[in-house]
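The chains carry the letters A, B, C and D, assigned in the order they are written, with residues numbered from 1 in each.
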Amino acid sequence: MQAFEWEKPVLELEARINELKQFVHSEEMDFSAEIKTLERKASRLRKEIYENLTPFQRVTMARHPKRPSTVDYISLLFDEFVEFHGDRSFRDDQAIVGGVALFEGQPVTVIGPQKGRDTKDNIARNFGLPHPEGYRKALRLMKQAEKFGRPIVTLIDVVGAYPGIEAEERGQGLVIAQCIEEMSFLRTPILSIITGEGGSGGALAIGIGDRILMLENAWYSVISPEMCATILWRDSSRAAEAAELLRLTPTDLLKFGIIDDVITEPLGGAHRDHANTGMQIRSFMRRYLATIMKVPLDTLVEERLARFRRIGEFHEKSLAEL
Amino acid sequence: MLNVFKGKPKYMTVRPQGEPQRKEFPDNLWTRCDCCGKMIFTKELEKTGFLCASCGHHFRISAIKRIAMLTEPGDFQAFPPLVAADPIGFPGYAEKIKVAQEQTGLDDAALIGKAKIQGSLCILGVIDFSFIGGSMGSVVGEQLVRGFETALKEELPVVIFSGGGGGARMHEGIFSLMQMAKTAQAVGKHSRAGLLFISVLTHPTMGGVYASFASLGDIILAEPCALVGFAGPRIVEETTRQKLPAGFQTAEYALQHGMIDAIVPRSHMLDYVGRLLAWHR
Amino acid sequence: MQAFEWEKPVLELEARINELKQFVHSEEMDFSAEIKTLERKASRLRKEIYENLTPFQRVTMARHPKRPSTVDYISLLFDEFVEFHGDRSFRDDQAIVGGVALFEGQPVTVIGPQKGRDTKDNIARNFGLPHPEGYRKALRLMKQAEKFGRPIVTLIDVVGAYPGIEAEERGQGLVIAQCIEEMSFLRTPILSIITGEGGSGGALAIGIGDRILMLENAWYSVISPEMCATILWRDSSRAAEAAELLRLTPTDLLKFGIIDDVITEPLGGAHRDHANTGMQIRSFMRRYLATIMKVPLDTLVEERLARFRRIGEFHEKSLAEL
Amino acid sequence: MLNVFKGKPKYMTVRPQGEPQRKEFPDNLWTRCDCCGKMIFTKELEKTGFLCASCGHHFRISAIKRIAMLTEPGDFQAFPPLVAADPIGFPGYAEKIKVAQEQTGLDDAALIGKAKIQGSLCILGVIDFSFIGGSMGSVVGEQLVRGFETALKEELPVVIFSGGGGGARMHEGIFSLMQMAKTAQAVGKHSRAGLLFISVLTHPTMGGVYASFASLGDIILAEPCALVGFAGPRIVEETTRQKLPAGFQTAEYALQHGMIDAIVPRSHMLDYVGRLLAWHR
């Protein structure tokens, strides 16, 4: 598995411990004291490294190729799933997956962008960059959910809506606006979980939830750190600095009131333990779905609108200044 | 319609977070047309509504000039001004705002208020490109939302002229992104009450502005040749490594692709909007 | 102007009368008695011919190249018109024209397919055969009309929805179904006028009116006479016979309760006198719009649905047969 | 999924008003697969649900066989039958109906009734191709509408298997066209009450059937390789004078173009539909 430069010390230590354990097995010698010491050290090191990640280190975690993406989460979180295809007007966009799934006996509509897992899959899924028809499919399925009073779960992991010629021709901007607008007024509970990358309008288009949760190593921003660095310094390699400026981590976003909760990942990141990540998310889903499913629909929509209505920081110009 | 493409480059460069221009039309006697390159007597330009007499090019104009073209003197009453905060403490943002305020005389990029257009009361909003590229931060978002809320309360139609570079204002980070949701929802409430929203896309309407309220008009108009789209042309070119088709993301291109209702030259804009407002009274 | 074989006798007579009139002017001789006799004869002949047209002769009248089509009618019937374009998802289909027009001070939404007037126009308008995006534009404008409580007038002159590869790919069948369904429930008055050809699903898609009127020389059928002849006899040249079988004339359709009224055309057909045709339609529009605009919306939609609900002829199988 | 395309011609011929077939599966011992050409032991075919063992081809099956595949014996209760009138006095139509009735044992092309599918009550309708190509005249239209109306009254979901050639029944002229409106409206009323309609497109679903109720399912499924579309492939070829793309108007093609939710092989159909019904209870 691909490792990051900054986690090498802990990985090396883990490797050393494993070696010793192997040795113990094969040679029947007692290294248990040493192993214990090393494990304590490793544990300290892990905490030190993983609990003090820089924003950009989290961004790279969010992009780890083995990090679960939507289809992985669907099988981790739900008991059954039936996928529905197509926007009913142009194409089935496989960069967004959607359908109905059973969550602990409760049918929910689940929707999320999906990155490819290999070259062929990446081509089919356009590297996880949705076209307008992907968002139109999402909107269609969300309206279907509303019709049947089914809660919606959106799993967000997307660098952004695809900036392509045909995507522009078929109304990428327009469809994002429509998704945001229509999702805002849907009379059914919506839980949005940013699982990996939350890239700008392409993420927001399916992110108008009654509750918005975020995994510990996910990011959510108006612009990617790379693009921000390019604009500021004409140098995308300074992305790490830009990531600091943008305040895109779950901790920041929780403080700003943009998200409601942070879902802890296994130490070292979701990619190191899919099953545990899934269990962790499940418990958050259980709790938050139960909460929003209890709210009367009128109140639900009102509160959803009010939540976004109040976001924004500005000063009223004092009368003296006028 | 005028052939606005004559001698025009394939697309125009969008500078999402470019420096605010010192002055739209400096006090020089002559201004060069961005489109055909001809030199035009600046006083002449003022008289024609900032159209190039030889190629019909629509010069970018200030919010104040736009409002003056649409309303009689005294028929526009701006909402109380708001001033940007610095919600994520972005380096240099506070200073940038101050400079933009001094150079433009505006508090932020949007001028919104109650107006009378050819006898029809409405809420009129204009985004000014010269204020940090007309980008949408918390102030622009809040002003727009207040516009739609007032319109909803008083049962008025809304007319917005959008022309902001990159759409979102990066310097406000996630707060800027959330203005897309906030404004789209304000349109939604107003629309669900059966009220009219005319969205006019002026050069350039891109990114977060295009992908939120500006795309949600009951009627979407555009000025000739205005650049409208989600991703900037340079990003599209870099991502796809394809040559962009002629006229890509121009208003004419968007019309052909079904995204806008009509292209209205500036000289007809007042009558066109005035008539639509009258028909929806 | 293109003339039909069967109207030649009357046209020749008209030419002869015109000649005599010219002669009178130039030579100052008195042919007034002769002219009167000829005019009486012409009048008899016209009635004889035009009031006894066969169904297929009406079909050919409906197809006359100089017959007004939607844009002509828009300028004949309305005082002002603003055209709106686009389906907001793929393309502006110029085979369907739509917008807002003023009818005697009343804003209405007007929609209709448009045939081309010359080669260039025909290409732009795809010979009047709409693609799915044309119907999507129509639907968008109809919903806009509903939002603003504006009556809708559809002017129908279409051979059919375009049977093309891309049209199929983009959901021609689906979009026709959606148009029919959504139009049926629109909470705004709808007046449909079949002005020329009413070709099957492509016409029905914009033909769900509260009142359905039809010009005297228009036709409306589940299938074109040519296609019907091909299926029955593998011979499209027997279209005239098929036209008899299909019962596609306004008289038949009025009797069947499919349409509500027949708008008389100037003798010889609408193409011989656009202005008078327009005036005639205007008076029907005035009357029928006033009627349906008075009906409460709930009742209007209920009656619109009931109207179609009862169409169909069948026998309940008697108990004895069961 | 099975590769149903192997050895298949580009498209299959639709005979909108073809003669009703004498018998779906004549008493011959062997039946030739339309798709791969292999000879199959007819008894074997019955056992597999009329699937070709070598290529997976889905044979057209009768309404009765379809219902037997979806319900337990006794779990389908058909509505009282209706018989076609001859509303426009079309030459030969009355006789055609009589022959079709004798040959198929059906009253008309649709079998509709109340059913229980894997424990879920619903209205189940099946269109039978062998009755005048499964075309929709007044009887089929009325039966479908009664189906949706009963479902509306009793708050039941509706499942329709559509497989009619040309869609409309030409012999009933304008009455046939109007069934498109009538059925679409019945779906609309049912849908607006928040009830579920699963539309299953079987080979072939074309023309007026495709362009009305069959396209209005909340969920649209199709059997592999089923031809679905508006205009018949021959008409498209003649009109456009273009070679039709491979697989044109097949279910697989429609899926790719975003028109259907899923392709469900016959062997999975019962479980698939049963599960969806259960999830919408």
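General remarks:
Here is the rule we go by: contacts are C-beta pairs under 8 Å (C-beta built on N, C-alpha and C of every residue); 3 or more make two chains touch, one makes a residue touch a chain.
Quick caveat, the model's predicted, so the values are computed rather than measured.
With centres defined as mean CA coordinates, chain C is found 42 Å away from chain B.
Chain B and chain D have Cα centroids separated by 52 Å. Chain C has its Cα centroid 55 Å from the Cα centroid of chain A. In whole angstrom, the spacing between the mean C-alpha positions of chain A and chain B is 33. Touching two or more other chains at once are residues 88-90, 170-171, 174 of chain C. Shown for chain B are the residues in touch with two or more other chains, namely 257-259. In terms of inter-chain touching, the protein chains here follow a pattern that is not a line, ring, star or complete graph.
Of all possible chain pairs, the ones that touch are A-B, A-C, A-D, B-C, C-D.
Taken together, the chain A residues at the contact with chain B in this complex read 161-165, 167-174, 176-178, 180-182, 184-185, 200-201, 204, 208, 220-223, 228, 231, 245-248, 252-253, 256, 258, 305, 308-309, 311-317, 322.
For chain D in complex with chain C, the touching residues are 16-17, 80-88, 90-91, 107, 138-139, 141-142, 145, 168, 170, 172-182, 184-185, 187-189, 192, 206-208, 210-216, 228-232, 235-236, 239-240, 242, 244-245, 248-249, 253, 257-259. Interface residues of chain A facing chain D in the complex, by the touch rule stated above, are 80, 82-93, 100, 102, 107, 133, 137, 144, 147-149. The residues of chain D lying in touch with chain A in their complex are 191, 194, 196, 218-219, 255-262, 272, 275-276, 279-280. By the touch criterion stated above, chain C contacts chain A in their complex at residues 88-90, 132, 136, 170-171, 174-175.
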